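Going in written order, the chains are labelled A, B, C and D, and every chain counts its residues from 1.
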Amino acid sequence: MRKCSLSNSTALFNKIAENATLYIPVDLEKGRVAYKKYADGMKMSDALKTDRSAKDFFFPQTENLMEFKTEGKSIEIIDNRSEAEDFVVFGVRACDVKSLEVLDKVFLAEPVDSYYKNRREHGVIVSMACTRPTETCFCGTFGIDASAPKGDIECYKTDDAFYFNAVTEKGEALLAKLDGVTESSDEKAVNEQKEQIKKVLDKLPLKDLKADEFGADKTDKFFNSPEWKNLSEACLGCGTCTFVCPTCQCYDIKDFKTNKGVQRFRCWDSCMYSDFTKMSAGQPRLTQMERFRQRFMHKLVYFPTNNDGMFSCVGCGRCVAKCPISMNIVKVMKTLGGKNND
Amino acid sequence: MQVNEYKPKIVAFCCNWCSYAGADLAGSNRLAYPAEVKVIRVPCSCRVNPMFILRAFQRGADGVILCGCHPGDCHYTSGNYYTRRRMALLFSMLEYLGIEKERTRVEWVSAAEGAKFAATMNDFVATVKSLGENKRLEDLRCKR
Amino acid sequence: MQKITREALIEKAAALLSEGKVDRVLGWKSGEFSYDVTPAIFNNVEEMQKDFVYGDFSGANFSKYLVKETKKDGKVLIFLKPCDTYSFNQLLTEHRFDREKVYAVGIPCDGMIDENKIKQAVGDGILSIVSESETVKVETLYDGVKELNRADVFSERCLNCKSKKHVAYDELIGEDGLVLDSNRFDEVAKLEKMTADERFAFWQNELSRCIRCNACRDICPACTCEKCVFDNPNSGVENKAAANSFEEKMFHIIRAFHVAGRCTDCGECSRVCPQHIPLHLLNRKFIKDINTFYGDYQAGAEVGSRAPLVNYTKEDIEPSEAVNRGDE
Amino acid sequence: MTNVKEPLIPTVCVITDIRQDTPDVKTFRVLTLDGKKPFIHKPGQCAMLSMPGVGEALFSITSSPTNTEYVEFSIKKCGCVTSWLHAAEVGQQITVRGPYGNGFPVETEFKGQDMLFIAGGIGLAPVRSVINYVRDNRANYGKVDIVYGSRSKDDLVFYKEIIDEWKNDPTVNVHLTIDREQEGWDGHVGFVPNFVKEVAEKFDEDKKAKTTAVLCGPPIMIKFTLQGLGEIGFNKEQIYTTLELRMKCGIGKCGRCNVGSKYVCKDGPVFRMDQLDALPDEY
């Protein structure tokens, strides 16, 4: 375990930024928190969560896939992928770390998505244990331990220091480079913090939310539930929940005609949108109820079915905080989950 | 070697009944106005919705000018009155967003005002030229 | 302003339901926490007694739901806060719902609270929020109970409330209020006073956060197009994500323009924005300009009024003067 | 980086032949720029065709894998990409990626079986690939019956091939039908589901038991055909069909073509009826 006193954090960040682009969470105006590219002296936010998740670094809102030049009847494909630069994302919470594992299941499954893989290979995640989880947190429901956030390097921030523990080879390599600004340390402070976190987690209002009722092969149990209608009644069909979600990965591929050619790009898409499944021949999900159901069934049943029981929700609580009508996966689970969740 | 002089791209929406005829007259009277002005004929200035203006900027225009009949002379009686309201609000909004107000303009040019058309265009091109390239309302994808 | 209780509303609904005047109730449903209130349909009094709530977080404007609700059979009871009634009227003016299928009960409102302001003030771990007349008591996980000034956590639109008067209802609970003199254009005026560069930087910063979730559009009572131009693949501008700063601007300019003269300034767009973009400042700019250029106009104040953008006078301001007005 | 194959990046191919099959269906022959087959596929698989700036869409491959020269796509004009393709000329380049999907189990479950092919309208497009595959590997399969119907005689896709080749193949029984009486048509008139029942009812129990049906057409046709086949004693395990949903990636990632936990582009488009029954009714 390595340690770096907080008074030395600027030196630490500068050291990391020497070899790679560093992103740290930063407090912005009006309580907003976002990852920003580190510049000398920048202060890291103590906020629990960034408004948008770490998904953006690996699966950005829009990205160019390729370009085309067309002339007469001929087409030329310009593959302008380039090697990603090395980068470090600092202070990723346990839920967001886990979300990358969920995204990996999709993008790194054969055939591998090279855009995602490229960034995944060049990105190092320095996680951060949550000392002050909030009321909307329910990562424990999905077996995530906020006191052991994983990532490439696990980080604990106490009142006076950062403590680091390398988890992966990539993490070890980065930590080794930081020897000049860190010192060796025992685990006492970290163990104390872990204990303290466990105590706090036990006091969270959503601590009793259970996902046991859901999971692989439960389609029949929930698909035709009459509750979907009431749950989705007020849904606006906007994409807020899907876009703030760290695990939502549906995308659209679109062409943009520039003045000189065609750019094919992909962008986030949302199963909540009415045109998500629309074809010229028809539409399999006609109402918002079906689209709403799709989202939650996917997170709680379909995804686990295809991925050895892994849920595609990490309990980060962003959708709970952001939905314009305050309808969210917690309410869905409580309503459909029956007695277990009352 | 020839110096590459900056030539702004200007889109001029001209109503079919007055301003387009005005442009025609400017042409037949051999009144010069810059070749950077691309005239788009519309049935009435009222046909131009705010999206057209934004799209022109997106596609690389540095200035957009909208020409219609003089208020009161609209071929469709009242089209240009609506245009006037819409564009007053739209231009005011663009200005509010910090986009140079000189990049957009509405002028009333009748079919008899060939000279005014040429003068307007000369003036507008010069104004936009002094502002330089449109940076605030550009779509980089269309620039490369 | 008198405080209206949840019980009074349930009682009213119970009476209307039992008299057969309405078949269901559109109301606010309590959630997991004190603040996550969801719009919901209640079919009977029992459901209401269980989950119905009216309080500091019943901000949602239900008017737009009537478009969908009145396509169903039967009559729906809707509770309207004063600001909601403007949207109600505006939708009626545009023939967007069937008035016959609605029973509207006007209810007083003494301002709604913005949970984000509370979160900002007290930090993480809000366990409960109890509001008293002037103060709000927030119980937190980490710092015990904190007391806040209610006025400090009002949502932006309530701080600048334009009217406590109901402009539409079948029945009113409590006394009606008055149209207020609000300072709602102050923020716009402040922006107008900035230099173009400052304004550009301001909006660039705000709009660049847009994730194009469309929440502003989908909640907006003025956005009731069957197919939005931004969803229409044949429009040439359809887009799912703002690929760059141009598209962010285009979406918000066009959206604001499309509701110009029809926007009642209900403030829902800013309330729901997950990225906290002050979208109301775009709409208010149009409202302010309309008031300045064409005379005061409040959308939704009366049914059937002619919106400023489908109207004109021969003496209207020229666009060139309009943009120069800021220089004076 | 750039030498890693990216599944979303297509290859440029060229349309070498366009055949007008019906008033709204054209068949496109596609080759790589150096005149080769763009890929090796299985019957029932699909590929993504696109014209940059117009869009990308998934089409079933109509030619048989046994055709070593080219691949063909039969495309009905109904949307944006298809309309553009219908306006295209020979020599036009397009981009192709694929093949995608599972295809029909022609080398496993189908082997040794009597085959009953049932198609309606453009639904013959994916089935044609299997039919020709079966005909080219005749020894591996039992008897073959083809029941095909369309709105009118003019709407029968591959009419020339059906008449010139399939009808002349003594090992294949072709049963054609059209929805309404028409001048110049002396064949069967009526809807496909009823016609299938008529044809298959004549099968003896033994043949019914060893027949596998391949079904493709509009949803309403599939629904009633299934009902009919059920009534005359077919099991769901004997019937295969192929689905169509909106797709963008073709590789099970973009998230829109799933029915329950299955992705049509990856786990489908071919499903056995009993498998399909186990999925939520959302297709």
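Definition applied: a residue touches a chain if its C-beta (ideal position, glycine included) is under 8 Å from a C-beta of that chain, and two chains touch if they have at least 3 such contacts.
Keep in mind that this is a model prediction, so the values were computed, not measured.
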item	value
Chain separated most widely from chain A, comparing mean CA positions	B
Chain pair, A-B or A-C, that carries the greater number of C-beta contacts	A-C
Chain A and chain B, separation of their C-alpha mean positions in angstrom	46
Distance between chain centroids, defined by C-alpha means - chain A, chain C (Å)	30
Centre-of-Cα separation between chain D and chain B, whole angstrom	53
Averaged-CA centre spacing for the pair chain D and chain A, given as whole angstrom	40
Residue numbers of chain A (touch at least two other chains)	252, 256, 269
Chain C residues counted as touching two or more neighbouring chains	233, 243
In chain B, residues with contacts to at least two other chains	141
Touching pairs among all chains present in the structure	A-B, A-C, A-D, B-C
Partner chain C, residues of chain B touching it in the complex	50-51, 54-55, 57-58, 71-72, 78, 81-82, 84-101, 104-106, 136-141
Residues of chain C defined as touching chain A within the complex	31-33, 35-41, 60, 65, 116, 119-120, 123-127, 141-142, 209, 211-215, 217-219, 231, 233, 239-243, 271-272, 274-276
Chain C-touching residues of chain A, taken from the complex the two chains share	30-32, 34, 48, 51-52, 61-62, 132-136, 200, 203-206, 230, 233-234, 236-240, 242-244, 252, 254, 256, 265, 267-270, 273-275, 320, 322, 324-328, 330-331, 334
Partner chain A, residues of chain B touching it in the complex	59-60, 141-144
Residues of chain D defined as touching chain A within the complex	1-2, 4-12, 51-56, 78-80, 82, 89, 91-95, 244-246, 248-249, 251-261, 279-280, 282-283
